[in-house]
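Look for subunit A in each of the two complexes below; its partner is subunit B in the first and subunit C in the second.
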Partner chain A sequence: MTEMLTMFKADGSAPDFNGALDEKALIHCYRTMLMVRAFDDICMKLQRSGRIGFSIPNKGVEATQVGAASALRATDFLFPSYRDFGMALHHGAKPVDMMHNMFGNASDSARGRQMSVHFSFTDPVRFFSISSPIGTHLPHAVGAAYAAQALGKDDVSLASFGDGGTSSAGFHSALNLAGVWKAPVIFLCQNNGWAISLPASGQTASDGYAIKAKAYGMPGVTVDGNDLLAVNQAVSDAAKRARGGEGPTLIEAYTYRMGGHSTSDDPTKYVPAEELEEWAKKDPVLRMQRFLDKSGLWDETLEEKLLTECADEVAQAAKVAEATPGPTLETIFSDVYETLPLHLRRQGEQAFELAERKGGADAGGGAFPL
Partner chain B sequence: MTTLTLLQAVNEALHTKMREDERVVVFGEDVGPKGGVFLATEGLTQEFGKQRCFDTPLSEDGIVGAAVGMAVNGLLPVCEIQFQDFIFPAFDQIVSEAAKLRYRSGGQYTAPMVIRTPYGGGIRGGLYHSQSGEAYFAHTPGLKVVIPSTPHDAKGLLIAAIEDPDPVLFLEPKALYRSVKGEVPEGSYSVDLSTVRTVREGSDVTVFCYGAMVPVCEKAAAKAAEGGIESHVIDLRTLLPLDEEAVLDAARSTGRVVVVHEAPRFCGYGAEISALIAENAIEYMEAPVRRVTGFDTPFPNTLEHHYMPDERRVLDAIEGVASF
Partner chain C sequence: MIEFKLPDIGEGTAEGEIVKWLVSAGEAVKEHQAVVEVMTDKATVEVPAPADGTITKLLAGEGDIVPVGDVIFHLDSAGGGAPVAESEPSAPSTHEPAPAVAPALVATATTSVATTTTSKVLAVPSARRVARELGVDLETVAGSGRNGVIRRADVEASVSGTGGVSTVPRPAAVSEQRIPFRGVRRKVAEAMTRSAQTAVHFTIVEEVDVTELVRVRQKAKALGAQQDIKVTFMPFIMKAVASGLMKFPMLNGHLDEAAGEIVLPGTVNLGIATDTPNGLIVPVIPGVESKGLLQLAAELGDLADRTRKGQARPDELRGSTFSITNAGNIGGTLATPIINFPDIAILGVHRIVRRPGVVDTPDGEVIEVRQYMNFSCSVDHRLADGADAARFVAHLRETLEEPGLLTLLLALKIDSMESFS
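== the complex of A and B ==
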């Protein structure tokens, strides 16, 4: 593994921190991390009580998500994986809008078409619609970066993916194209130790992931993914390079998925308990808290206030989303094309007519296998 | 009006749209200074610069994936896959990404883009330079699938595809690239997607075809006419979304139908036409629908002229359904 950029010292100090984030920004980052955790907590409860089908926990990788987002503008283009919504929250996406997706209701931006955790935002942040296949969004980030440059904008793209994603065709194609085109794009590999049940050691024989950058003609950087300041620094540097016309960067954020792959997964079957214990000591939220404390920006009162605010907001979001009606039958057929073609109109009308004649279809319960 | 080959018409459409709209970019393998292996993009880099028409690494999923990213961020990409046989690494990008983007984001993100690719046999290309994969793609909601058969349509349909708000797979019959010539209007015009073209009027048998099979069917129809059978030949030209009403009207008008394509038969596009008619116009039918297609085998090289439907096979089918 290449040398790892870390800012936090064991005592919570960060002597090399250049002040890129002011006090307000630091507290906002911390609050966003707590919000990710609060959102995860309530989703786990909603899933276990059968009110939503599926969720993806983020515990352990919050500093990577939020640290990266804090280094970018809302006009930059985020191409996220399904374990990245802290980036959207950081730039002002509302928990209630995310919760509409978790329930797949009529107010969901995808109208309940996607399974939960597949968010999409254009406002207040460009958070590209998530798809489930791994690595397909990396070439999108390159194309968007090419377009930004061609249209004379200085926005950058950021593609975020896990260690598993580095084995996908999209990873190779995207890094190769970006290198050749010198596209203003940042590749953020979150090496969180696991691709569902496969440990990083089974994913690649290379010495870490950052060194893969070399073959594509771009810098590769390893950063402590549980250190928000270090992630912010690495992504800021990469963004600066990209905006300056110097091309792409591959960043490997070394972190750890402390929960399961999803609510359908039982990680105790394959995650060694002692490994989890080791990483729990490096919990990114606790490290950030320690830094804020050391900097005189944190106390128990603030902690209590933020935790209460976040818990209340996600609880309220869940209440609103659960009470929001499901999508209407029409939404099966709309948005396939801009204009509804005749054959879809006919299929829709037959479905509506059947619903009228025989009653509504059973919406079904159940959950996805993964 | 000028007389152009189908290939020149494609080139002319690209020139026309690139002049008209600065957002249009063209890229793919060898499409830059060389102008593509068939010369469909000849002269574009020279006229519009290498920012707007450029070569890419050999990476089909990268090409189509980057096109999706360009499309969502303000450009109008027209990418080329050198041969349709090589499109499969990009299948995920086409089927899972481009075609589903509008739906899965509730219209927040869309992919107005065109993927051009030469398809079909007749050039001694063997297994990997001859396939007709339209059925794989016509099975994909959210995608449009277009196949021209004349220079006029090639230009007008390609312009319409570039202007379309949804992703379009534009399959070019390479066997016709230089073998057909026709009158093409100058300047910009478009041919509406999802409309069929009546190639020939007739009251005895309806023949549905597209792409490189259109001239084959025209010849067979001319032969059949010598024997007193008048064929109504329809060029489907947009396989998805299909103008189903026009297909049904044409089927009902004769009650006897032949469907022709060079792709394999099993689950081929002809099966859809046949089912459409069976479900909606069975009471008009005087004979079973007959399919003339490639065999359910890989595409052979030396014997390709036996594999591809020719005038002889189409004529036999026309006579068969006419006399049923």
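== the complex of A and C ==
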């Protein structure tokens, strides 16, 4: 593996840290990580009691998400995987807006037409819709970067994906063209150990993932993904290169998914307990906490305050979202065509007429929406 | 009042087994508090309460298989209000709602009656399951986890007496035990019933003089130890079985009843019946015919170990073409093993005994102390006949009595094995 960039020492100090993030920014990063955990926690319970259909936990990879976001502007383009919403939270997305998506209600930005956890935002952050298919968003990120380049803007695109994503066709297409065009894009590969139940050892025969950058004519960097400062540094460097016209960078963040792939997964069936224990010692939230403590920015009172704030905010968000009615029938036909074509207008009229006669549709009783 | 329906916990699960209620009827719960443990095809999970309130009625018993969407409990979220309608004819009597008493009374009742407060004990789900299986009262177990949470090891230690746990010694057989019939035990029962009711079993027993094998294995053991591989008799037996099955393929495979075809896969995937803390599980070692003895020993050690720890992958637990059970090394002379359905046959392996035996020497027949091992082979008579089974066990005897032949078999390609006799 390429040499790994790490900032945190075992005692919580970070002597190489250049102060790129000020005190306020550091606390904001930490709070965002706690918010990710709080959001995950309540979603797991909502799913287990059938109130939402599906969720994807992030425990273990928060530093990669938040560290990357903290190195970018809210106006940069984020092309996330389904385990990345910390990036949106960091730039001001509201938990309640995410919760609207979890319930698929009328206030969801996708009006219930997306799967749960598939958030999308245009404001306050350019966070493209999370996509379930693996690696399909990488070429999109290159396209957006190419557009920024053509328009003479200094926006950067970041595509985030897992180790499994490197086996997709999109990975090759995207990295290849990004290299050719010197597009201002950052490829953030979150090597979290597992592609659902496939261990990283079954994913590639190459020595890590960063090395793949060489074949596409771009630098490849390996970074300690559980070290927020290191991720911030790596992404900052890549963003600087991109804005300076030097083209793309592939970053491999070495991290670990400490929970299941999703609420439909039971990781105890394939994850060795010792492996999980080993990584728990490197919990990214604890390491950040230790750093803040060492820097005199953290105490129990702050911890208590942040935890309470986060728990209250997500609980309130869940209440609001659950009480918000579902999307109206019209939304099946809206938001695609400016003027609805005749055949769809006819289908719509039939649907409305049927709904009129039969009453509202069954909400599904907690069934997974497939 | 909320009628709580069993949700689809995974993607497209159809039903779940109620493993354990973590609250009783009449108990007050908080939103997100775990109410019931449910096992689906995918995972065992704790299902939480959807709101603050009082559980007024449990509508399914532990061990019941409930379709997704069925109401499993009633929750009075108003906080102590109206009792639920009385007409619930299908509800088992043990799950009758507690009288709708004031919340304060409920609280008193649940804290003072020790025998009904298992839900107050903090324990991980696997600890609860093991406790049920071993008949351990969790109240008597000290938890070593964070906040005193009882872990599985605590329960096991409390039984074996190795932990620093102060438990009252359990008097032997004082009262009748009622063990819930579910989980792995029930899965084993279902599989065995299907096998016994479908396959027409007959069993043939062969006695094998393993004196030479014992000697060879002793050497192999030392050789394996250099590479940290534990060499038991099993790899030898597996190798002999695999060569026998390549020679007599009618015993290796399964019946595809839907297609009306006997499926003979041409490769030997051996199911190895393994005794685990959770019960009998049969992990599978594929392609045995093309693997070396040490490799088999290593794979077997690893797979058996992970199976006992519950870490075998689902794809390692299916696809057997023949199975071996060696519980016989604990005791017993012969057995009539039940076929690991839908395999065609199974081999039971028994312990080695020393007996006087008649041996041919250049000076004539002499009596020597020899070592013998019995093999019991059960076959589905629908698919193979007694002669097939007799030839197969004779092949086992020939190869295992002269284990040198095994090395020959190792070097042979599959097609040339046909000509080996």
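Just so it is clear, the second predicted complex is superposed on the first by the 365 of 370 C-alpha atoms of A that agree within 3 Å, B and C clash if a C-alpha of one lies under 4 Å from a C-alpha of the other, contacts with A are read in each partner's own complex, and residues count from 1 in each chain.
Operating definition for what follows: a contact is a pair of C-beta atoms (placed from the backbone, for glycine too) under 8 Å apart; a residue touches a chain by one contact, two chains touch by 3 or more.
All values reported here derive from a predicted model rather than from experimental measurement.
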**Request:** Answer with first, second, both or neither: which of subunit B and subunit C does A:V336 touch in the superposed model?
**Result:** first
**Request:** Return first, second, both or neither, reflecting whether A:T204 touches subunit B, subunit C, both chains, or no partner chain.
**Result:** neither
**Prompt:** Which holds for A:T263: it touches subunit B only (first), subunit C only (second), both, or neither?
**Reply:** second
**Message:** Per the contact definition in the header, classify A:S129: touching subunit B only (first), subunit C only (second), both, or neither.
**Reply:** first
**Message:** Contacts for A:Y146 in the overlay, against subunit B (first) and subunit C (second): which applies, first, second, both or neither?
**Reply:** first
**Asked** Looking at the overlay, what does A:F54 touch: subunit B (first), subunit C (second), both, or neither?
**Response** second
**Request:** Answer with first, second, both or neither: which of subunit B and subunit C does A:I42 touch in the superposed model?
**Result:** second
**Request:** Identify the partner contact of A:P272: answer first if only subunit B is touched, second if only subunit C is, both if each is, neither if none is.
**Result:** second
**Touch count on subunit A, higher of subunit B and subunit C** = B
**Fill in**
Overlap of the subunit B and subunit C interfaces on subunit A comprises residues none
**Fill in**
Note: in the complex, subunit A contacts subunit B through residues 77, 79, 108-111, 113-114, 118, 120-122, 128-129, 131, 133, 136-148, 150-151, 157, 169-170, 173-174, 176-177, 180, 335-338, 341-344
**Item:** subunit A - residues contacting subunit C, complex
**Value:** 42, 45, 47-51, 53-54, 197, 263-266, 268-270, 272-273, 365-368, 370
**Request:** Mind listing the subunit B positions that touch subunit A in their complex?
**Result:** 25, 51, 56-57, 59, 61-62, 64-75, 77, 89, 92-93, 96-97, 100-110, 141-142, 144, 165-166, 194, 241-245
**Asked** Hey, which residues of subunit C end up touching subunit A in the complex?
**Response** 4-12, 32, 42-50, 68-69, 310-311, 313-314
